[in-house]
Each structure stands twice: as C-alpha cells, then as structure tokens.
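Handing you this structure, nothing more for now.
Just so it is clear, A, B, C and D label the chains in written order, and each chain counts residues from 1 on its own.
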Amino acid sequence: MADPLILTLSCEDRPGITARVTGFLFERGCNIVDAQQFCDRTGAVSVDRFFMRVAFDPIGTGPDTLRAAFSKFAADYAMDWTIVSQDRPRRTIIMVSKFDHCLVDLLYRWRTGELNIDPVAIISNHPREATTDIDLAGIPYHHLPVSKDTKADQEAQVRQIASEADAELVVLARYMQIFSDEQSAHFSGRCINIHHSFLPGFKGARPYHQAHERGVKIIGATAHFVTADLDEGPIIHQDVERITHADSAADLVCKGRDIERRVLAEAVRLFVEERVLMNGGRTVIFRA
Amino acid sequence: MADPLILTLSCEDRPGITARVTGFLFERGCNIVDAQQFCDRTGAVSVDRFFMRVAFDPIGTGPDTLRAAFSKFAADYAMDWTIVSQDRPRRTIIMVSKFDHCLVDLLYRWRTGELNIDPVAIISNHPREATTDIDLAGIPYHHLPVSKDTKADQEAQVRQIASEADAELVVLARYMQIFSDEQSAHFSGRCINIHHSFLPGFKGARPYHQAHERGVKIIGATAHFVTADLDEGPIIHQDVERITHADSAADLVCKGRDIERRVLAEAVRLFVEERVLMNGGRTVIFRA
Amino acid sequence: MADPLILTLSCEDRPGITARVTGFLFERGCNIVDAQQFCDRTGAVSVDRFFMRVAFDPIGTGPDTLRAAFSKFAADYAMDWTIVSQDRPRRTIIMVSKFDHCLVDLLYRWRTGELNIDPVAIISNHPREATTDIDLAGIPYHHLPVSKDTKADQEAQVRQIASEADAELVVLARYMQIFSDEQSAHFSGRCINIHHSFLPGFKGARPYHQAHERGVKIIGATAHFVTADLDEGPIIHQDVERITHADSAADLVCKGRDIERRVLAEAVRLFVEERVLMNGGRTVIFRA
Amino acid sequence: MADPLILTLSCEDRPGITARVTGFLFERGCNIVDAQQFCDRTGAVSVDRFFMRVAFDPIGTGPDTLRAAFSKFAADYAMDWTIVSQDRPRRTIIMVSKFDHCLVDLLYRWRTGELNIDPVAIISNHPREATTDIDLAGIPYHHLPVSKDTKADQEAQVRQIASEADAELVVLARYMQIFSDEQSAHFSGRCINIHHSFLPGFKGARPYHQAHERGVKIIGATAHFVTADLDEGPIIHQDVERITHADSAADLVCKGRDIERRVLAEAVRLFVEERVLMNGGRTVIFRA
C-alpha cells in the first residue's frame, strides 16, 4: 500500500466544494479513508469560511503528481492547502528552560511511538546539566543562553538551527523566554506553546500564584500557537483540574505539571496528525 | 431556503463512496453543510463497514424526489439509509415510573427549544398524581399499570399508543419496568433507556447501592438503546461524577439524578439530530 | 434525638484550638459527628488563620445554652462563629430576570428534598408571565421592574422583602441587574450569584460570545458571593464543559445553561449546609 | 521544629473520641495542623466505625514517647492506629513487567520531589533491557523471571528482597503476574496495583479490548490494594477519559497509559501521605 496522504484546505465557502474535492480524489483512483469538514458561519468574518481534512490512500498516484494537479484546482477556490504524508514523522525542535516535565513527557511519548515526531534538536537557555537526569537519546542539545542584549542574536541562532534541521514544528515546552515579534512571525503557524494557565484567565507571569490568590476552584493549562501578542495566540487544546482551598500556590504548580504535559502532548499530536487548521485567531480541530 | 435534510447511511466499505454520495447531491444542486464519515476497520466484523452523515440544503429538489433517486443509488451498495428533515421535531413518547427528574428535565429542554422533540404522549405505570407538581403542558398522560399477569396487555397498549401517535422515538425516562423481548424487538433502534449506572459496571437492580458497597470512587449513568438483552444495548452516551467514602448510597442516588438527566438529554439530542448510527452492538456517534 | 447542630468558626491560629473546641462540646455531652479544619498558612495575610466546621448531636443541651457558653469561649479567640440547626431549611429569596433555567432547577431540587431551602419569595424585574410555564408552588412572586431612576427604590423594596421574610440567603439565579455597592454591602456574605463564565476568564457582558470569539476549548460557570466589585466576589464553586470550533455562541449559551444550573445548585447546597466559610476574598469549602 | 507526625486510627464509634484524641495531643504540647474524621454509619457493618487522621507538630515530645502513651489510650478503644513521620520517604519497591510507562512516571515524580518515596528496589519478571531507555538512578534492579513451576520460589525472593530492604510499600506498576493468595496476604494493606480498567467494569484480561468490544464511551483505570480476590481489592483512586467510536482497541491502550500513570501516582501519593485507611473491602480517603 502506498503511503497514506492527508489533504487539508480552507477557503471561502461555495456550493459543491466537498463533492468536487472528493470527486477530484476519486477520479485519480484515491481511496478516501476519513473526511471531515466545517463551515464557519458564525459571522466572525464577513464571508463564510470552509475547512476540510481528508485522509486517503493515493493507491497508484504519487504525491507530487497529486499536488501538481490539485494546485490548479485549488487556485480556482483561492484555497490554503497542503497534501502531506500521514506517517512521516514531523521534524520537531523542542525548546525548554529549567522545568523539564514537558520535555521528559514528549520524549517518552516519542519513544513509545505515541507521538509521531522526529526530535531534531533540543534548544535551551540553560545548560545540559539543568535536565541532567534525562536520557536525551542522542538528540542534539543546544545551549543558547539569552539576555536582553543577546536576544536578537540568540533568536537568529534558533532560526538557523531550525533552518538547518528543516524543522516543521517548534514546541515551547515551558520555554520561559518570550519570542520577539519577528521570531513569532517567523515561526507563525508552526510554533506551539504551553501556557501554564487556563487562558484567558491568568495571563502574564506566575499564573498559579494568581490563581491561588483569586481563589478559583479549577485550574488549567492552554496549548496555543505563538503569535506576537503574547498569551493571545490561537488555542489548540485546554484541560483543567479541580483544586481546593487547601492547595497552596506550590501545590498548584505541582498539579499543574500534570495538566501541562498532557495538554501540550495532545496539542502536538493534533498538529502532527494535521488536525489543526487556523481560522483567524481561532482554530478548527478535526478530531478522529 | 428549503428545509435542510440529513442523509445517514451505512454499508460495506468500498472505494469511492464519499465521492459518489457527495457527487450525487452536488449533481442535484444540493449544498452540503456538514459531512462526516467513519469506516470501522477494527475487525469486529469480517468486512469493513462504512458510516456517513451528510447535512445539506436541498435547494430546489424535494425530499421525495431525492429519496426516489437515492434509493436506486443505495441499492448498489446495499445501504441502510435515511433522508429526513433536519428541523421537524421528532414525535416522542416519554415513559416514566415514580422518579420524574428525567421527565421534568426533558420537558424543560423541550420548552426552551433545546431538544427538538414533539412529546406526543407520556406513559406511566403510576397515576398522574405520582408526578403531581409538573405542568405537563397538555401532553396526553396514559396511566398503564402493569403486573406480571397484565404485562402482555400493557405492552400491547404501549404499542397501540405509539402506533396511533406515529411515534418515532420512545424514551424510557427512569421507567422501571423491563420490556419483554417482543417489546424490545418492536421498538428496536428507536427506544432509548437511561440506566442509572456506568455500564457495564453495575448491572441489575439498585446499582447505586452496588456502587456504594463496592467502594468505587466515580459513579456514572448510561443511555443506551433497548434490546432484549437487558443492560446490554448499544451505548449512546455516558457520563460520570466523582464521589467519596462520605457519600452514602442515598447520596449516590441524589448525585446520580443529575448525571442521569444530562446523559439522557444528550442521548435524545444526538438521536433527534440523526447523529447516532447503529454498528452491531455498538454505536457510531457523529458529534458536531 | 435532638436537632443536630453545626458550629462554624474562624480566628487567628493558635495551638490547641481543635482540642479546646472539641473538648468544650464533649464536656457538655455533645457528640461530634463530623469535624473538619483548615489553617491558611499561605501568607496571604500576615497571620495564619484557622477555620473549623463541626457537626454534632447536642444530646440534652439546648442551642441557646450552648451559644451562651460558647460566646464566652469564642471571645478569647476573637472568633467569627455561628451555631445553627443542621436540618432547618434556610429562608431563601430567589431573584431572576428572563432566563428561568436556574429558577426551575432550584425549585425542582427543593421539591425533591435535595436542597434544604425554604423559598420565601421570588423577585424578578420581569412580570410573572416571563416564566409562565413554571408552577411556583405558591411562593410569593414580586415583580419589581427597575430602571436607572428607580434603582435605589427598587433595591430598597428588595431589602424590605428580605427583611420581612427574615431571609437568610438571596440567590441571584441569572438576575441580570447589577447590585449597587450599598445593596452588595447589605447582603454581604449571604447573596450568591451565578456568573455565566469561568471567572476570571470572561468578565462583563455576553461572556459566551467573548468565549466564542476567543476560541477557547472549554467553557464554565462560577458561583460566587456578591460584592461591590462585580465579578470579583469570593468564588464558591465552578464547573466546566468541553466545547469545539463547531459550537456557535448560541450553542455555548445553550450548553452553558446546564453548567450554570448545576454550579448554582451546588453552591446553594454548600451554603445551606454551612460548608462555606469566608477567607478574605476567597472561600474555605468543607465538603463531606 | 520537630519532625511533623501523622496519627491515623480507626475503631468502633463512641461519643467523645475526637475530643479525647485531640485532648491527648494538646495535653502533651502537640499542635494539631490538620485533622479529619469520618464515621461510617452506612450499615455495611453492624456497628458504626470511626476513622481519623491527625497531622501535628509534636513540639518537644519524641515519637516513641507519644507512641507509648497513645498505646494505652488506644487499647481502651481497641483502635487500629499508627503514628508515623510525615516527611520521611516511604521505602518503596516498584514491580514491573514489559510496559514501563508507570515506572517511568513514578521515578520522574520521585526525582522532582512530588512523590515522597525512597525507591529501594525495582523487581521485574523481564530483564533490565526491557526498560532500556530509562535511567534507573542506581536503584537495584532485580530480574526475577517467573513460570508456573518457579512461581512459589520467585514470590519468596520478592518477600526476601522486601524484607531486606525493609519495604513499606510495594507498587505493582503494570506488573503482569498475579500474586498467589499467600503473597497477597503477606503484603496485605501495603501493596498497590494499577488495574487498566474502570473496575468493576472490565475485570480480567485485555480490558481495553473488552471496553472496545462493548462500545463504552468512557474508559478508566483503578488503583487498588492487592487482595487474594483479584480485581476486588479496596479501591484507592480511579479516573476516566472520554473515547469515541473512532478509537480502536490500540488507541484505548495508548490513551489508557495516561490514565494509568496518573491514577497510580495519585494512589501512591495518598498512601505515603497516610491518607488511605482501610474500611473492610473499601477505603476511607482523607484528601487535603
């Protein structure tokens, strides 16, 4: 069997898109395995917008041939689209600071085959020793310290590493530095951050301390795309847990680790399975 | 705009079904609003089985014309299928015994427009006074007491009422009588029961007392289709809540009421929105 | 058996409080059924603060005798404290506007005996017809319309009704008017509001529309004490539900109704069972 | 400050226990930090049973002096009781087979200081290479293969290791061998197993496949004490996650790993913090 492919697309809504897209694939002998669509009619924008994800076996047709043909088709609809392999691991850079629970978790899920990533680099603003107990399995570890003065240089190094590794995804796994606007723009749509609060509840620093101070009864974490507007990027996934008055801020930090690692892992899984489509400041998530 | 329609179908999987179904609708000028599909490849059966739900605006084409045309098309695939109105309320019979929390909840959701049902009858084995505080809004209330000797007759009366009211759905809203095999078969696929336990955990009588006795830390409820094999019908929806050692069996009954009513309401919603497809002893649920 | 009593108290922490309080009750022949305590050492305040709830059978001692004796004891510790009947229903006013789902739910739970309240009045800024389908069971319904000019008068009327009914609790069951600072202060610590968002996420008006606009993946509701600072009162209970991109703002409103009514009901239950103690801008909740 | 201590006890209920226990501690100058109690009046047994957990600073009094004094006191009530250090890590043996996700998770939480255990040995029926990627941090790894013929010997070796290491807790972290009745009895009350199903739903082998076959909409995991009656030991903690028709049995196994590891870790935390008291076939859990 040929390598299964995934087509994702979005465009202004028009009658017949589903039929024409599935017809396009059928005519070329492709067998649709899964198809989902969504039309945003919520008036957030002046026109309705259509989103689709199709997983299919291309049978005899090569991906390049399909892409060439679909390119013409897609132009008629002014589509944003991709056709990519379903099974090829996504080349991923993981960025981290001192807290390594998300890093450890991502690497474990990668090893068990649960997360279909290819970790091409780990970048930290702290030395290798900060995560000393972890077996990094030979993944290159780049220690790129950063200060106010060196920030521009350090970000250029990150771009350089990403470029050389041909990285498709950058995961900020509790990377405690804020990207500059340029860096955010550079990695737009392919950089996922885990924010240790249930956005938009507690933006800014020390969200668990804010949550404790406010006396909320549930805390959460948010995985979102990185944008120039900090804490405001399109949300991919969120989860929560119940807390009580007896939990100190330190307890919340501890409980939060569990939420953070599973929210981030789920967001990465959704991304590498091509289940996340951008819809302005929001996302469309096609779950199985 | 014409009344939107919903097509649901299932059949043995074959290449091209999605393309041909959506093509069929496109050729007739219908505009697809939402489409979901699923192929069961889990080997539970010897062949893969394909399921699909399409919501569409028929534009100019009448439902009868579409059904006639689709009928021929469907025969080629030996499909189970329906094409029904999206907006027409489903004629629904609600059956109840002494506990009326699910009845009250369903009626409230009907009145607010949340549940698109048309309650054509309420049937109880207890007199109207058992639910005395509720405004039944003029829905006919049938008191059909039942004993071992009268069970066959009583069930015939239920069928008679259902037949005369042209009922499309029978909801057992904590109806504490067990259907005979004949009755279960008669209402197969259109009778939903709420079981006050997280099946298959505590089958049989007094499940909350069983749960308390066993010392579980989470209880739940299960909405399922009624089949001859009690407590074994295809599951439509389940939900749970956390409990503690301090909850008595009576507390569990009380907490259970909340779970029961929201699980049953959700199952009814899924059913009337044509989101529930039968897959042997299981269900395929196409959520929005 | 005598009517069981509940003692709640808070004071600055000192060694021996638990022993002395339980000893006090033991010496008077009372039998402790349940006792919980909590010491807030989180540094939110300069001194540690101690909280306690004790449920006990007074056996032969009358509540007034106990109160008189405890009063002297409590003065030594500068305690905030109450000794109240466990089983006596709390006289409760329910305030409502157009949306009646919380009102309906509270009345149902009252009728089933789940909520130990005595609904002494319903107050609405809309006429009785706005909630036409509900059987109000003879509870006085006060239609008190309000405008900018009449607000002070209307609030005085509310206080008058509360005073005459000797109300212990005022529940804002989706009452869409904002209390003045005076009104908030008047009902301080005995007025619970349901806010239809997961605070502090979406303060202000139309929170579900805000949530939809932001693209969050989970929505919630918050029951809190009313304070002058709107949306900032001490939180009693919160709950959430998962949503998707396919949910419109209208869908969120609909899903929100379920969360609102169960969050508000749980907060009322906690209050009438004397399980909610105030801790500055936060609460201590002693669950069973 | 002296090492904080935790007193746990259970006995037949009698008036005054709380007052006398807290009085006992107060008289000896101890300062109670946290106290919780529960009386089981549910009629599961012919007499009410009382449970209590008290965390306290002993100030000047040594634990041995306290134990000696409390011993006499406790005899009057025929109490089951312990007084133990709050902060001393519990000597823990982790047993594992091929699946190492729970082992990895426990070790990570140990390293971050979240779990207050002292891992004195890892025992597996598979060789060290089965968990090759993990840094075991120098914890002794015992490969004790087992077959029908060698089971008695192997279990004796486990007891020998536990005895030499003075182990207080044995955690079956997806150890796929069933303890003999003798072994279960030997480790009674100090051996926790993670069962990869939401008991009592799917007992026996391959629970995720059973769950898939049955078509449930929620799966879970259960941490319980090991008893001779497999899958029937007192439940300590449970958690669940929602699944859909699209999840294969393999998907459930994968999703289950997350639930298993967090349920087991929470059960171990509750145990080492002395929050789990046995109540016949059930548990009393005193959460913070």
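Assume a residue touches a chain if its C-beta (ideal position, glycine included) is under 8 Å from a C-beta of that chain, and two chains touch if they have at least 3 such contacts.
The shown structure was predicted, so the numbers you read here are calculated from the model rather than taken from an experiment.
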Greatest separation from chain D - chain, by CA centre: B
Pair sharing more residue contacts (C-beta pairs) when A-B is set against B-D: B-D
Chain centre separation in whole Å, for chain D relative to chain B (CA means): 41
Centroid spacing, where centroids are CA-atom means, of chain A and chain B in whole angstrom: 37
Of all residues in chain A, the ones touching two or more other chains: 38, 244, 246, 287
Residue ranges of chain C touching chain A (in the complex, touch as defined): 38, 40-42, 44, 198-202, 212-218, 220, 234-240, 244-246, 248-249, 279, 281-285, 287
Residue ranges of chain C touching chain B (in the complex, touch as defined): 101, 104, 108, 111-112, 114, 133-135, 137, 244, 246-247, 251, 254, 257-258, 262, 287-288
Chain D residues within the chain C interface of the complex: 15-16, 18-20, 22-23, 25-26, 31-39
